[in-house]
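As written, the chain order gives the labels A, B, C, D, E and F, with residue 1 at the start of each chain.
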Amino acid sequence: MKTLFIEKKFPYDGTQLHSLFAYLDHKVLGPSIVSWQGACSISFDHMVDGEDLLEQAEIKGDEMLHFIIEVFDRDLFSGVALQRLFASIARDYLQAASSALAGKSLVRDGDDIYLDDRKLSISIATKSPVSVMVHFAMNITNDGTPVKTLSLQDLKLDPRKVSEDLMAKFKKEYDSIVVATQKVRPVS
Amino acid sequence: MKTLFIEKKFPYDGTQLHSLFAYLDHKVLGPSIVSWQGACSISFDHMVDGEDLLEQAEIKGDEMLHFIIEVFDRDLFSGVALQRLFASIARDYLQAASSALAGKSLVRDGDDIYLDDRKLSISIATKSPVSVMVHFAMNITNDGTPVKTLSLQDLKLDPRKVSEDLMAKFKKEYDSIVVATQKVRPVS
Amino acid sequence: MKTLFIEKKFPYDGTQLHSLFAYLDHKVLGPSIVSWQGACSISFDHMVDGEDLLEQAEIKGDEMLHFIIEVFDRDLFSGVALQRLFASIARDYLQAASSALAGKSLVRDGDDIYLDDRKLSISIATKSPVSVMVHFAMNITNDGTPVKTLSLQDLKLDPRKVSEDLMAKFKKEYDSIVVATQKVRPVS
Amino acid sequence: MKTLFIEKKFPYDGTQLHSLFAYLDHKVLGPSIVSWQGACSISFDHMVDGEDLLEQAEIKGDEMLHFIIEVFDRDLFSGVALQRLFASIARDYLQAASSALAGKSLVRDGDDIYLDDRKLSISIATKSPVSVMVHFAMNITNDGTPVKTLSLQDLKLDPRKVSEDLMAKFKKEYDSIVVATQKVRPVS
Amino acid sequence: MKTLFIEKKFPYDGTQLHSLFAYLDHKVLGPSIVSWQGACSISFDHMVDGEDLLEQAEIKGDEMLHFIIEVFDRDLFSGVALQRLFASIARDYLQAASSALAGKSLVRDGDDIYLDDRKLSISIATKSPVSVMVHFAMNITNDGTPVKTLSLQDLKLDPRKVSEDLMAKFKKEYDSIVVATQKVRPVS
Amino acid sequence: MKTLFIEKKFPYDGTQLHSLFAYLDHKVLGPSIVSWQGACSISFDHMVDGEDLLEQAEIKGDEMLHFIIEVFDRDLFSGVALQRLFASIARDYLQAASSALAGKSLVRDGDDIYLDDRKLSISIATKSPVSVMVHFAMNITNDGTPVKTLSLQDLKLDPRKVSEDLMAKFKKEYDSIVVATQKVRPVS
């Protein structure tokens, strides 16, 4: 798995969630996780989560840390499982890295990370004809969010460092999953 | 996903890791997680982890809490991802449930759970022609283990309650993953 | 499998045959069969059957009983097989339920149901990136159909009851197929 | 799909249900349905239906008409759907062909065919590593069956003709399903 | 596999690379290879090769011999492997058929065919929701090509004969691959 | 893809064709091609080619250059396509490398390589529950072969060099196929 932190800031509006985003826009070829900072505002036209569409949910924030994962030739079940693992890895990392939690615990619930009733993150996993894709984003600030949120600022963490550490950890997890499929004998 | 705690104690020797174990031995039909208590001792004939086979590893313990997960019609990649999620769920639960950790953190590394250098668990994910299967087991005592281990006794936790809570949590995760594959629009 | 009879009448014009129709338009999540009454008129833009496109076939009727089946994460072969099973179930049910057949037999031929040369139904099975989908519709009246047709009026059957009975029967078949994939030992 | 009626009579004992049976034993290559007459008696060692195993069911008959279907590179869901379609085709054919039904209707229920409470057939669908396989058999006589049965003798039908007609009809269905997967435009 | 040489000349502009092209435009149903002569000029809107898009490559020629292969229900890996086999078959055929090579050897490198630094062909393999598709084209003349090229004129070969011979050879290869998947016993 | 030339000579008797051979016997993990020199003699028990079994073919040779390819999580169609590509790569390489061909051409026909009626190689592609596997072997001498053969001795080529060059070329092809599945936009 390749990783890339994209230096340039730009907003996420849902149009980034298409196959080969990392390759065509950032020359990252193959299974990948890329990340950048920017606002978030997703129009209903580019909202793929049916639950959000039914609720006509507002999904936005003034500054978020975005991740897009793409893995080729897998089914959506695998894509959602990877999304959950990313959330789990993020929770563990943030818990250990933040000095601002004062004994409280971040909690992962499905693809969400919470501190009590404050929501840190948004995420969706979907399928293109050639790959499965995950968008995962966590608030850098709480400005412009439509619900009660937690942010990396609250956690006193640097977005860039969080991004690079999480991508490295997810790459390690993904690579080790692939290896685990290649070293086991089948059963009857 | 169905869950079952099997009251009867019996040892795990590797022969349980075959398709339809839950159905043929315990009448649990469909995707399932079943659990029981018993010794662990896996002969090389029934060891499926190639890494363990190459190392001629001893895998055993006098009393462990065993889980077998079976999910039909999925690839091994999904099976390994589910195994990792189970380990993550177990870590989060044990961390929150144990009064004996004294501020220390359990750490998940791949499919393993550690407290410092003490290993709580063993696990393997494999494939049958009709399903993917996971064996996951955590020490109830440290007796009879060939390496430095952690046990549920150290964590002052009741195996039966741990078993039922973890199966309920994993069932919730699995069911929500399935739902997540049925409520998202595809992308191009 | 979920079932829903949609009370509101509306025409089928081909645009309903897209992934998540049942969920996004009618809040029915997961594998499903939904049904409603309405006219049928499919433009060439939304016609997916290549055979009809090549023949520039007119596909219409003033009032039909529509069904849309969606099953996730299956290949098109399975989708077509399910379509044929639905036609078979419909034939068996209509044969038994109708008092107007006077000893004559309805015949299923592929995805069509006939009484002699009178065609009761139209159908197509196709694939979205996340699911397989079937549209199946039977004439409620013979008005507005471009060929010699049979209708539920001819069979003296109430569309609403036919709809609910068929959906219940198809749900039973689908659920039992899934079970049948989870209770059999593989062979060599 | 190839079809073959095997002239030689021989018993079915479960060992025939393995991949390439038609090719290695009867030189029929590719997707196939083959058929023969013979006794039926399946030992628990070669019984693959978990439900029968749990019930320790006796599966036997003194003379049955056997069919083995093999289709390569499909999932078990497709295999079970094909099994159900075969049962549906058999029901329709026998209903139309038999002069002995006196206005009564044969009923298909899943993979079984009944006349009232008399069972005509047994069947199982399973998976080999390279194919899905179906065994379907109907009683030629009621001798030696452990339950209340119906037979082709009761229906006054010639087994050889039933076999060849059913294989021709199933071949037509299978071939048309394959065609139906190759002439439809995908949807979004 | 069906083959068709399309008599009418028409340009390839990338819009031909969609599912069911052979069926909807030329009534060729099922896995197929079709071929025709015509100019080549692909706009960026219809260019699917990400590498070409990143390089903003010009892909054109005044007259080329085009092939479109479509195979249903396969993954993209298979599609690319078939593309490479087609290139290999073309190389072998052209080497043997041309009297103009004077002891020099054509070389296949991935999906390209070269004579020294002169490029004979262009190709791409991609995926539709129902099939994998390959476009392969070789220069009939060197006119209008943006790089140093080789053409069938250089090789003193008749495009129509090349087309029909290559389609026959590829059909033989494809059909024998399918057979090879249906006559082998699985291993453990 | 990993490559390994195994220094130690040992006979191929068919038992080597099982999943994880490269990993469990030679510590090569992941998709791989491994090669060694040794006699060949395959008993009917370990013969997987149904055609050979039907013909009761003798498959043997006193000294051959063996290759085993294993690729995980692919279907058998891909496995056979890779086998054909390996044969094509071998043909091209041997043609260019041998000084003994005197203007004659080696010909690939399916998975075989011939010089006129002399057969250089044997091969089979099959499926394990976790991978596809190919055995490909070419005669080092013509001793002990049951048919008219060609050998690397005839071609005046060193087996070890042939082995390492072919593995390097096949690795390049395989790796580039994987890349080609990750850089193309899907079509409709």
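Methods note: a contact is a pair of C-beta atoms (placed from the backbone, for glycine too) under 8 Å apart; a residue touches a chain by one contact, two chains touch by 3 or more.
None of these values were measured; they are calculated from a predicted model.
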item: Where subunit D and subunit F overlap in contact partners, by chain label; value: B, E
item: Copies subunit B and subunit D - rotation angle from C-alpha fit, nearest 5 degrees; value: 120
item: Interface sides of subunit D and subunit E: same vs different residues, half threshold; value: same
item: Subunit C and subunit F, separation of their C-alpha mean positions in angstrom; value: 49
item: Subunit A and subunit B: spacing of chain centres that average the CA atoms, whole Å; value: 26
item: In subunit E, residues with contacts to at least two other chains; value: 19-20, 23, 29, 50, 53, 73, 75-77, 127-130, 178, 181, 183-186, 188
item: Pairwise touch network: line, ring, star, complete, or other; value: other
item: Every chain pair in contact, whichever chains are involved; value: A-B, A-C, A-E, A-F, B-C, B-D, B-F, C-D, C-E, D-E, D-F, E-F
item: Parts of subunit C lying in touch with subunit A, wherever the complex brings them together; value: 20, 23-24, 27, 29, 73, 129-130, 186
item: Contacting residues of subunit A [partner subunit C, same complex]; value: 50, 53-54, 75-77, 127-129, 188
item: Interfacial residue positions of subunit C with respect to subunit B in the complex; value: 19-20, 23, 29-31, 72-73, 128-130, 178-179, 181-186
item: In the complex, subunit B residues that touch subunit A; value: 17-19, 48-51, 53, 74-78, 80-85, 88, 91-92, 95-96, 105, 107-108, 110-111, 124-129, 133, 173, 176-178, 180-181, 183-188
